[in-house]
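The same chain A turns up in both complexes below, where it pairs with chain B and then with chain C.
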Partner chain A sequence: MPGATLSRWTMSYFAAALICLIAGLAMTASGFGYPSVPMNDPASLVVVHLIAIGWLAQLFAGSLLQFVPVIASRQLRSPHLALPILLSAMAGLLLLLTGFMGLADVAPLWTWMLPAGGILLTCSFTSLCWTVVGTLLPARPYTLPAKFVILGCLPLIGAALVGLLFTLPLSGLTGDPYLIDLVLAAGPSHAYLGLVGWMTITAIGVSYRLLAMFLLSPEKTRRTSRTVGWLMAGALAVVICGIVLDGTGSPAGWPLPAAIAAAGLAVLLYALDIRWIYRERKRKAVELNVIASLVAVGMLVACFVLFAASILIGNLAGMVMPVAYLFVFGWLTGLGLGQLYKIVAFMTWLEFYGPVLGRMAVPRVQELVNERRGAIWFSLYFGATAAATVALILDMPDMFRWITIAQLAAVGALVFEFVQTRRLAMAPAATRLPAGIAARRLFLPSFNGRSS
Partner chain B sequence: MTQEFKELDVRPILRNGGEPFEAIMTAVGALQPGQGLKLFAPFKPQPLYRVMDAKGFDHDVVELDGGDFEVRFTPRLEEAVALSENAVSPELWAEPSVELDLSDLDPPEPMQRILAEAETLGAGEVIFAVLAREPVFLFPELTRRGHQWVGNFDRDGSAYRIMIRVGTGAVNA
Partner chain C sequence: MPDTLEQTNLAEQVRQQLSMVIDPEMGRSVVEMGLIYLIEVTAGGDAHILMTTTTKGCPASAFLREAIQACAASVHGVKEVDVELTYNPPWNPSMMMTP
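Here is the complex of A and B:
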């Protein structure tokens, strides 16, 4: 059947993701993990994976389950996998984090925990790719966003498998010298596969569709957009070569910087595309979610400017963490929160008002949010993120922790806004639904068969 | 996209005094969607052009070295039409009683307008609407309410056209 319905479990993904984001920020603010201890300390790995898998990956997974059917204009392949994918990711993450805490001597360590977590996470991500690719592949001809999303699935599987291999020597299950070399050398490539390979490629692809849609801009496949895809694919190939070299005991220094340089070029072209989409828009008033996304794209460009500058001044080692931080919190998290602001409102509107459209007065989607208040929280969030990056560059970990509290406050306020939207608290009185309808479905699906 | 062709050489059939029309039609019937037909013949098969045109194929002719001809029949790119699973014989629907140009509205307003319009019409009446995008969330809601629809993009993909036949009794969830 053509068309898309509401993804039944996407709100649950978002709820899980936001809880992980808040927990991660709270840990950092309390001095647990980086920058209070070095990056390769197990405590830092707890925070990093809580943010990367708990927050970002679940945010992306939930969004993909909703938007892949929109991109393909067909129903999701195996929609019944949505809940198992979420549950196995959460269980796998919990095992992984407990394992890292064991390594950090915060919790007892059982050898099987890390590999078991890795296996569950790999199963979860593989199943996600199965539904995503399985939905997109039959929907020919492929649109640009579809190609990007399909391309992004490859590094996702790669990141999961490399991570799974890491767990074997880390847990002490094997002393294989090749695997130990891999752990020592391929950590950054593992991060690249997940954060750039999967998330950034996917985010770029989906944003071509979403931003054009929100701005009423013509949707064209520009040559620059295709070049972005090819550069990203080339960079991925280089990273994978690098990982193979790491694993065969002859690590080389060049693959990752080369890949980041290619990805940086891709990002500049992407920023040009976004500029075109923005300029050709038919809709003059720009909503908060688009502004937040544009700020996030700006921070993405800033990442690569900082990266290039650090190579020029010869201080790459000192800048890696600030750049990675800005990438995760300025670009991926900024974009994610910005889009959530719209997606939550839209899905809520469709869920509660879709069945009565045309039969009673309904609010506009924009009336389910309070943009004036939201703008304050987004300003606080992006301001804190920029300040935190500066604190990392200047090596001021205590200042960084104070700023993280501001960031945490901004995210907490945004979560409150999402909850208000879900509860239809801001809907005009004339369009209110009978009390209790929305309150019961904050982040769990209704079971009346409307969504899939 | 490169055009794929199935090849058919009717020269041997003609040389043997046979009639190639049936072989050609069999080959046309066996073409995959989007596939073209490359025909080799000792003369220009003029009568065939009209038959193939009616079947949605354009043709171009290349004269080969030996005086024979290669005729390429290329399927015209028709935009695929999507229709609801409850749609019955759209070609027999009434003329639209309402025409809506919704191409300048932000999503999801077009969806709202169409559903509101459908509420005001009687069963069997037809709405024609033009939108800027494919209304993916509208489709299931129309079906759920018992309306039938067919729709497709225009040739350059810049507008989506949809015809909706209002159903008798809404299937309320």
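Here is the complex of A and C:
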């Protein structure tokens, strides 16, 4: 039977990811890392990698393990790799962060830590790609989301390998001038590969499927959607050329801005696609996760509008960090939290009510969440993110830190909502399961039932 | 052994029984959602149900299939139940009954 199952470790990925997000926001609020110190300071690198690898990458990895089988309509390849991928990512991240802390003089520095962390992370991401691509490649003909997810795996491997190369001169293991030049010049390209190349391409691809599914909108492969894919692929090729030029000691200034411009055009077309999906929906009532996703898409468009405006007014250098911040927290994190709000409820329903469906009264997925409360937390989160971006543009670091506390409070409240959903606390009384069943499986897998 | 009229009645009873099985996302029964393409009951009382899900590869498909099988089997007079999952034709929102 074509079909997918529950991913056994996805809830554990989400738990690890949310802990990293809270830790990253708490560090920023306490004045650790950017904007209290420059972006290239090792303290900033701690926070950046905690958010990028700890939060976003684990969120994406856990989601892909659950949804790639849905996209491919077949079982996940090598599902036994799910736990090793998570553990190696967490161990690698810990080593990497400890290494950066060593460079920042807040922890002892052992030279092997950064490369060892890089190797573990590269192994983790390569294994993830093996699982994802191995599941999708045999599932011909390829759907649009499948093509985007496969394309996104290439920059993920690229970002991991470039990051691994960075660790060699940063840890002092080598003084190779080409590698030093690479570290000095290719940092932004490394970030592009991870945040735009992997995460944004994957999020765009998956959202074509998920938004159409949640809104009961026809799934069409539009010409604009295909153009989005080609523009993103072209932008990736340009970025990779730029990294090669950086590594050969002849860095050029044009590749990254050219790639961002192409990605910006792709994003505008993507926003048009989302508008069509929304307008053609058969489901009139729009749930909170979709609203949050639409706000996140709006913030993605705002990133590229700000980027274009900064070029026009000749203040690109001053706007890079606010735009990057809005991209990470408005677009990727906003979309991630919005989708988590749905995925946690959906997976919880499958885990606890799927096996008793047809045998007793069961709630709707939406009855496992409290949208009224959730709407307050999402409003606080997105409002704080927009305000924090403005604080960065106006160069008000103290104000930024205060706003980060509001952001942290909103994320903490959303985590509380996720826990309540997992505990079935909002389920209507007539559909309650015996006490304690849900409480035992907050974020560790069930070893009964259909999970892979 | 049921005659043709009884077979039709049994098929209708199965359809009514399947109203207990809801689509977890929409909260409407699989019948109202248009997910049940065909219910046939043989002269021997064996039921064959052709069903789909709203999206191919839906993680709930195995649970829905089992629930439909259990519900149909609970109808008095039905012996064996065979549930077949198909995506031909694929489901689309126009297949839903108007509320």
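Annotations for the structure displayed:
The working rule: the second predicted complex is superposed on the first by the 450 of 452 C-alpha atoms of A that agree within 3 Å, B and C clash if a C-alpha of one lies under 4 Å from a C-alpha of the other, contacts with A are read in each partner's own complex, and residues count from 1 in each chain.
By definition in this document, contacts are C-beta pairs under 8 Å (C-beta built on N, C-alpha and C of every residue); 3 or more make two chains touch, one makes a residue touch a chain.
None of these values were measured; they are calculated from a predicted model.
When the two complexes are overlaid on chain A, chain B and chain C occupy overlapping space and clash. For chain A, the partner that touches more of its residues is C, with chain B and chain C as the two candidates. In the superposition on chain A, A:Arg226 contacts neither chain B nor chain C.
Using the contact criterion defined above for the overlaid structures, shared-chain residue A:His80 touches neither chain B nor chain C, since it reaches no partner.
Contact with chain C, but none with chain B, is seen for A:Gln66 once the two complexes are overlaid on the shared chain.
Of the two partner chains placed around the shared chain by superposition, neither chain B nor chain C is touched by A:Arg275.
Judged by the touch definition given at the top, the superposed model places A:Arg359 against both chain B and chain C. Comparing 20-28, 56-64 or 164-172 from chain B against chain C in the aligned model shows that the clashing stretch is 164-172.
Touched by chain B in one complex and by chain C in the other are residues 1-5, 69-70, 73, 213, 216, 218, 282-283, 346, 349-350, 354-355, 357-359, 362, 364-365, 450 of chain A. Listed in rising order, the residues of chain A touching chain B in the complex are 1-5, 69-70, 73, 141, 213, 216, 218, 282-283, 346, 349-350, 354-355, 357-359, 362, 364-365, 448-450.
Touching chain C in their complex are the following residues of chain A: 1-6, 66, 69-74, 209, 213-214, 216, 218, 282-283, 346, 349-350, 353-355, 357-359, 362, 364-367, 450.
Within the complex, the chain B residues that touch chain A are 1, 82, 84-85, 104, 106-109, 111-112, 114-119, 132-134, 136-141, 143, 158, 172-173.
Of all residues in chain C, those touching chain A in their complex are 20-22, 24-27, 54-68, 70-71, 85, 87, 92-94, 96.
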